[in-house]
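Remarks on the structure that follows.
Should a chain be cited, it is by its letter among A, B, C and D, assigned in written order, with residues numbered from 1 in that chain.
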């Protein structure tokens, strides 16, 4: 199991290759589900030039470990990986990588989806976008819907 | 959109890196869901030494194009990729890579899952395993359940 | 009036365990009237019954056993698939 | 009998848009009786009401505003998260 908060550029496919080599269960997994979240150059109808990612150091790592442990308890999976960027990111840059290894595809897919959903709804990260005419904090649509 | 039937070793993460560079929609996608199926060194309680993958040339490609088109019609996705090994494979080797690119994570996950489920249930590939004491054709559990 | 019957050529393919049971991967038959896929099977396999879980395709599209086969069609029989 | 009250030290953190509104990311307060998270907010923010969608954590675990705060605790306030 690995959790990483990264302030440099993230190449998700290199990270996966490197991490898979360290897995002790070579030949034991039959399925890997991965999710890569990438910065788009648009949001809510506006062009986005760049983005700054802030996080709550300590709590973020703790929360990501908690959901990784929950996934291992809930599904028959062998391992999980979460890497998340912080700091300044550009359009096209990878923001997040989530992966789940399992014997079979159903638990791999479900655990991977669970991790990204939990990360998005509760992990303490915040995005600030630089637009053509200023900056703005990204708002979480679902929290607006849930709370209003 | 890409469909490939490959008789050499498949490195899924290199394929993803190479293919992403060719996508015209740079900065437009925010989400990639991928699935990698790998040969295990066990199946149905037996140790598996190696495996031979047969396919119906022509029909396989046609079927994979059909489900890729169906995915593009059903979900708001930008692109899809399917690569499948044929021939002799060893434990740990990648058998299949499926990926779906989208603006948002829900269609990416759903399209990727759809592609691998359709591939597994209908694409004309067959596995023959070499065990310690002989060979056997893999049987499809779901077809047994459905048909018996 | 006498009808001149020109035989139609049909290609028949087998895959995987079925190919091994039949003993070859491809054959060609000539028929003088349109056949269904089930009748193609019967003709090629000495009237053996269709195996229960067998899959069938005509020109690389899945079909059911009552699908009728035309001149130059490629008919394929194979066991449940196990890819991915 | 006279009770000697030793003040408790509590760290308070703010993040993202809330940090910008408050104007700083961290402060420390000394209190002589246990407070709830809501009371910590009130003391630090001049009795301003808690913003409607605010999230709260004590020692890096999510809590509700009635959670009581102990000596040396780290209390954090932040807007809905937007990672991933």
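In this section, a contact is a pair of C-beta atoms (placed from the backbone, for glycine too) under 8 Å apart; a residue touches a chain by one contact, two chains touch by 3 or more.
Remember, it's a predicted structure, so these values are computed and weren't measured experimentally.
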Residual chain groupings, excluding chain A and keeping positions: B, C | D
item	value
Neighbouring chains common to chain B and chain C, by label	none
Where chain B and chain D are represented by their mean Cα positions, the distance between them in whole Å	50
Where chain A and chain B are represented by their mean Cα positions, the distance between them in whole Å	23
Distance between the centres, which are taken as Cα means, of chain D and chain C, whole angstrom	76
Between chain A and chain D, centroid-to-centroid distance (C-alpha), Å	28
Junction residues of chain B - those touching two or more other chains	37, 116, 120
Multi-chain contact sites of chain D, meaning residues that touch two or more partners	none
Touching pairs - complete list by chain label	A-B, A-D, B-C
Contacting residues of chain B [partner chain C, same complex]	37, 53-56, 58-59, 62-63, 84, 95-96, 116, 119-128, 137-140, 143-144, 147
Touch list for chain B against partner chain A, complex	11, 13-14, 16-17, 26-42, 91-92, 103, 105, 108-109, 112-113, 116, 120
Touching residues on chain C, where the partner in the complex is chain B	13, 15-17, 52-53, 55, 57, 60-62, 76, 78-84
